[in-house]
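As written, the chain order gives the labels A, B, C, D and E, with residue 1 at the start of each chain.
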Amino acid sequence: GDEPTPTAEPVAGTRLILATTTSTQDSGLLDYILPVFEEAYGIDVDVVAVGTGQALELGEDGNADVLLVHARALEDAFMAAGHGVRREDVMYNDFVLLGPADDPAGIRGMATAAEAMRTIATTEAPFVSRGDDSGTHVKELSVWETAGIPPEGDWYISAGQSMGAVLTMADEQQAYTLSDRATYLARTLEGTELEILVEGDPVLFNPYGVMAVNPDKGPHIQVDLANTFIDWLVSLPAQQMIAGFGVEEFGAPLFTPDSTAWRDAHGGE
Amino acid sequence: MSEPIYQLDQVAKAYEGRQVLSIKHLAVQQGEILAVVGPSGAGKSTLLRLLNFLEPPSSGVIRFMGVRFGAAGSVPLSLRRRVTTVFQRPVLLNRNVQANVAYGLRLRRQQRGNALVEAALQQVGLEAMARQHARTLSGGEAQRVALARAMVLHPDVLLLDEPTANLDPYNVRLIEEIVCQLNREQSTTVVLVTHNVFQARRLAHRVMLLLEGQLIEVADTTTFFESPEDSRTRSFVCGELVY
Amino acid sequence: MSEPIYQLDQVAKAYEGRQVLSIKHLAVQQGEILAVVGPSGAGKSTLLRLLNFLEPPSSGVIRFMGVRFGAAGSVPLSLRRRVTTVFQRPVLLNRNVQANVAYGLRLRRQQRGNALVEAALQQVGLEAMARQHARTLSGGEAQRVALARAMVLHPDVLLLDEPTANLDPYNVRLIEEIVCQLNREQSTTVVLVTHNVFQARRLAHRVMLLLEGQLIEVADTTTFFESPEDSRTRSFVCGELVY
Amino acid sequence: MEEIIQGFIEAVRLIASGDPGLVAIIVLSLRVSGIALLFSTMAGIPVGSLLGLSRFPGRKLVIALLYTGMGFPPVVVGLFVYLALSRNGPIGQIGWDALPALFTPGAMIVAQTIIAFPLVAGFTMAAVMGVDPNLRRQVRALGATRAQTVWTILSEARLGVVVSIIAGFGSIISEVGAVMLVGGNIEHRTRVLTTAIVLETRKGNFDLAMALGIILLALSFLANAAMLRLQGKTFDE
Amino acid sequence: MEEIIQGFIEAVRLIASGDPGLVAIIVLSLRVSGIALLFSTMAGIPVGSLLGLSRFPGRKLVIALLYTGMGFPPVVVGLFVYLALSRNGPIGQIGWDALPALFTPGAMIVAQTIIAFPLVAGFTMAAVMGVDPNLRRQVRALGATRAQTVWTILSEARLGVVVSIIAGFGSIISEVGAVMLVGGNIEHRTRVLTTAIVLETRKGNFDLAMALGIILLALSFLANAAMLRLQGKTFDE
């Protein structure tokens, strides 16, 4: 395939503020790919890793130049409201349903997430929810809806915290939870006892998008740099790196590249 | 005469290596008024601190009612409460006059404290000031409150450190009468530090002279003033002439 | 006689509604020693606070070197610095003796302070204690440090509140000599509060009597003691007999 | 500023609504911090008095440690408590039932007690050391026992002691790192005002976060006003 | 406990390695909190002195507000500063270059200054009020100007004043909510020890988090020891 060559000129010593969800930072992905970009373009990327809602708010307030988040509906709303000028698919990973090894609710290997979660609810096994309107939380709620069960009761623990904290809590409480694979795999290195019990259900698909913030928000918005960054992020070399991230440590990639360019190049597979 | 109430043997006190008091032997008799005189810095206030068990002596032994108080010692509360001091510089609590005078009684959980307090304030002429805040008192008023606070406890031993230093002639006479009366009627033992040799002469049964921490002479009042043994006593007594 | 250094007219001071001082008229002459006598609580210390501009009068006017100091007033620093007080109860800073005596000079950024401080300490007999911490001084030592601290400033007016209350006869004589010398050689005006009428008689050019805040009589020393106009002065002077 | 004003309006609206969820959060905040403050006061005032009034070898070191404790990051305290109470931790493993479990108000109280303690003890020490040493002597001379002496000195230093308690309260009612870690910010269970604020901030609901912050401030203003009232006249002196 | 011991070993290893990233984080932590402490001291000591030494209408209210400020949740302070400095906020819109931008150390300094101020001012007030009122009179009688009087009183109350500074330092060196919000925890730029600890905790790297916590404590211990040394003999009195 023909690799698109980035055209923007490097701007020395310029800051690009990237607001993103904690999963990209906590999984180590950004530490892995960003130095290459910074080196090649002489642009410093300042990563502000926060909650999904807060990341979008930072963009809306004009305090960030580019956003990397996973919450498709909110992203579309953001674009529709004119806060962003460009949106691209970047990659996806998937959500997995985790629980203690002895699996008291007996969901291991179930085919659909909805069925597994219904079982958890009926056995009233503890389940820890992000409870913070994050992409993960939104996904979880949609699964509950599919399952036809309102998540309520003593067994349902709404933590209102980041993924990492929720994993820690679920591990400690011997509870079930829904997590993105990247954060979970990173956590296995730290010796979590949680195991993947359900995976592979197509509803657990978790796409990440990148958006450039509208330069109307002020002259300080680095829209050119943002475009340079987006161009690079969706380019094949960057996508290749994403595909390789985590293979060494976990034996499998944490994220699957999914930009248009990548899809074009690997369309047949 | 009965057992002395205090008996000091080889008592010394040093601060930061400097010896400020050193008394070979001293006995204070039950029921007497002993005046302590001597120049500024002689160690008079230090002696009272030792007699009230506020600091242990650096060496030597103080015996109070037969109980030892040495360098490492302490004295049981019941005994300690038989002695109290009116300091040279009155230290009042940040409360009103009535609460200050009642303080010692409250420590002892005594009933009918209020009546005692009122009576004591009347004695020192401050009944009208019971509700005034202690911090706003004049020098002489503060001194009288401190005296009332001690008196009200009816201690066996009353240690007075220049209790009339800030008072006018009328009040001096008032306080002196109170002290004599306590001594006479309740046979309170009084150790009175004073720089006023007239006062020593008027009140004391015996007088002692401290010079640079040394006990120079202790004798009954007439002897002390009229035929002292030590020449230094004679010259100190002559110093009185400035009054 | 020159202009009086202080002139008080209809000066009154009240605390919480209680009037503690009320002086219709008083003039303090340049270079005189004025003794203020009166019983405890008469308002003597209050008068000195007003004369040092530490509190404004509740009503009336004090004129110092022609400058008004009234209820709402304040006095320029340069004038204020011509007056200083030795309080009844010496308040020393939490430093050593030398630093305490040097304090006023340091406020004025005076050179050759050290020599002055040393000389003043020598005068009050404390040269050996320059390095001792002020908190550990005896009562009389503290009083002498406070006096040295004021003296070293060579004020035009020195307000002394019972400066020898805690001192023995020898030191009393020492301090009195210093005061006389300051008055004689530097014509320092001195207002001396004392409960010791002998002292008033020895030192003062004029004496005044305060009773419950009222100025009863002010007269030159001999008149005051020997032929007072007011009967209350006569009976106060008789009260002296307790000494 | 718009968002701040928005926050005020939201705060008033929230309070007026009397939302039971909000009430539960407020009650829990006050209960956890109140109990923790009680514990740390009960420990901190005696320790502060001891450090202020006694001289013993190693005292300076203890003071320096106490001061360092004032800068003990709540997160680190939280981490310690977390590790101690954790299932795999030394105390968690004993499985003793009386001990607070992680993600319960009990664990939050433990963490906050540790956080408030150095402030209470340190300021009590400073306040007590400011009292005229002659007063101590006078009080003993009037026949006070050791305990009575300490009590009297504390009451003379009451302004400083009350400020130490206020500072302790302030440090924990506003604390978030430790309660988040050991409490878990669980809805209906361990969510307190500060963790709710963080949650709303993360969600990007800045005005709601601001409203909760304003409610928190109003609460601690009321608590302080009450303490000042108890402390009484001290302020006019 | 294992993790705590692990943390210690890790801490020693980290320090020994002299990792430039770690050094930068430490330097930034000290710089931000040091400058903020300087500002809040410069404001807090005069305000505390004024409140302690003067009587004016509304003083009690100011004191109650100050006390409330001690319980100002850092997150809320962070939110205020965020909203104020935000690009479409009131100050951000001016676009004045001298003002700190969000996600810079400058913004963190602003937030920390606000956090430390009530502690410094409140404790200074308490310390100053503990000084014998007669001392003030004596000092004025010796010819002190207003400023000299205040200075002397502060020096008499130095123990309490130093503790107030130590408490202020402790409150900000350990603070995380506000610096996270306005600083953004950007690597190489606004990452300080506390935000690094949070990040590592989030990642589940408890031993590294613990190691950073231990380093933080060691730093604040050293800072306090230095202050105690400056403060000098006060402790032996």
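What we mean here is this: a contact is a pair of C-beta atoms (placed from the backbone, for glycine too) under 8 Å apart; a residue touches a chain by one contact, two chains touch by 3 or more.
All of these numbers come straight from a predicted model, not from anything done at the bench.
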Shortest contact path, chain B to chain E, counted in steps: 2
Chain pair that, of all pairs, has the most C-beta pairs in contact: D-E
Same-site or different-site touching of chain D by its copy chain E, using the half cut: same
Inter-chain centre distance, chain A versus chain B - centres from mean C-alpha coordinates, in Å: 83
Chain centre separation (chain D, chain E; CA means) in Å: 18
Gap in Å, rounded to a whole number, between the CA centres of chain E and chain C: 47
Inter-chain centre distance, chain C versus chain D - centres from mean C-alpha coordinates, in Å: 51
Sequence positions of chain D contacting 2 or more other chains: 132-133, 181, 201, 206, 237
Where chain C touches two or more other chains, by residue: 89, 135
Sequence positions of chain A contacting 2 or more other chains: 50, 162, 165
Touching pairs among all chains present in the structure: A-D, A-E, B-C, B-D, C-E, D-E
Interface residues, chain A side, partner chain D - complex: 50-58, 131-134, 157-162, 165, 169, 172-173
Footprint of chain B on chain C - complex, ascending: 15, 37-41, 45, 88-89, 136, 138-141, 144, 161-162, 165-173, 176, 195-198, 236, 239-243
Chain E to chain C touching residues, read off their complex: 132, 134-135, 137-138, 140-145, 148, 152, 156, 237
Contact footprint of chain E on chain D as seen in their complex: 1, 3-4, 59-60, 63-65, 67-76, 79-80, 83-84, 89-90, 118-119, 122-123, 125-127, 129-133, 157, 159-160, 163, 166-167, 169-171, 173-177, 181, 193-194, 197-198, 201, 206, 209-210, 213, 216-217, 220-221, 224-225, 227-228, 235, 237
Chain C to chain E touching residues, read off their complex: 49, 52, 54, 77, 80-81, 83-85, 87, 89, 91, 93-94, 103-104, 107-108, 135, 149-150, 153, 159
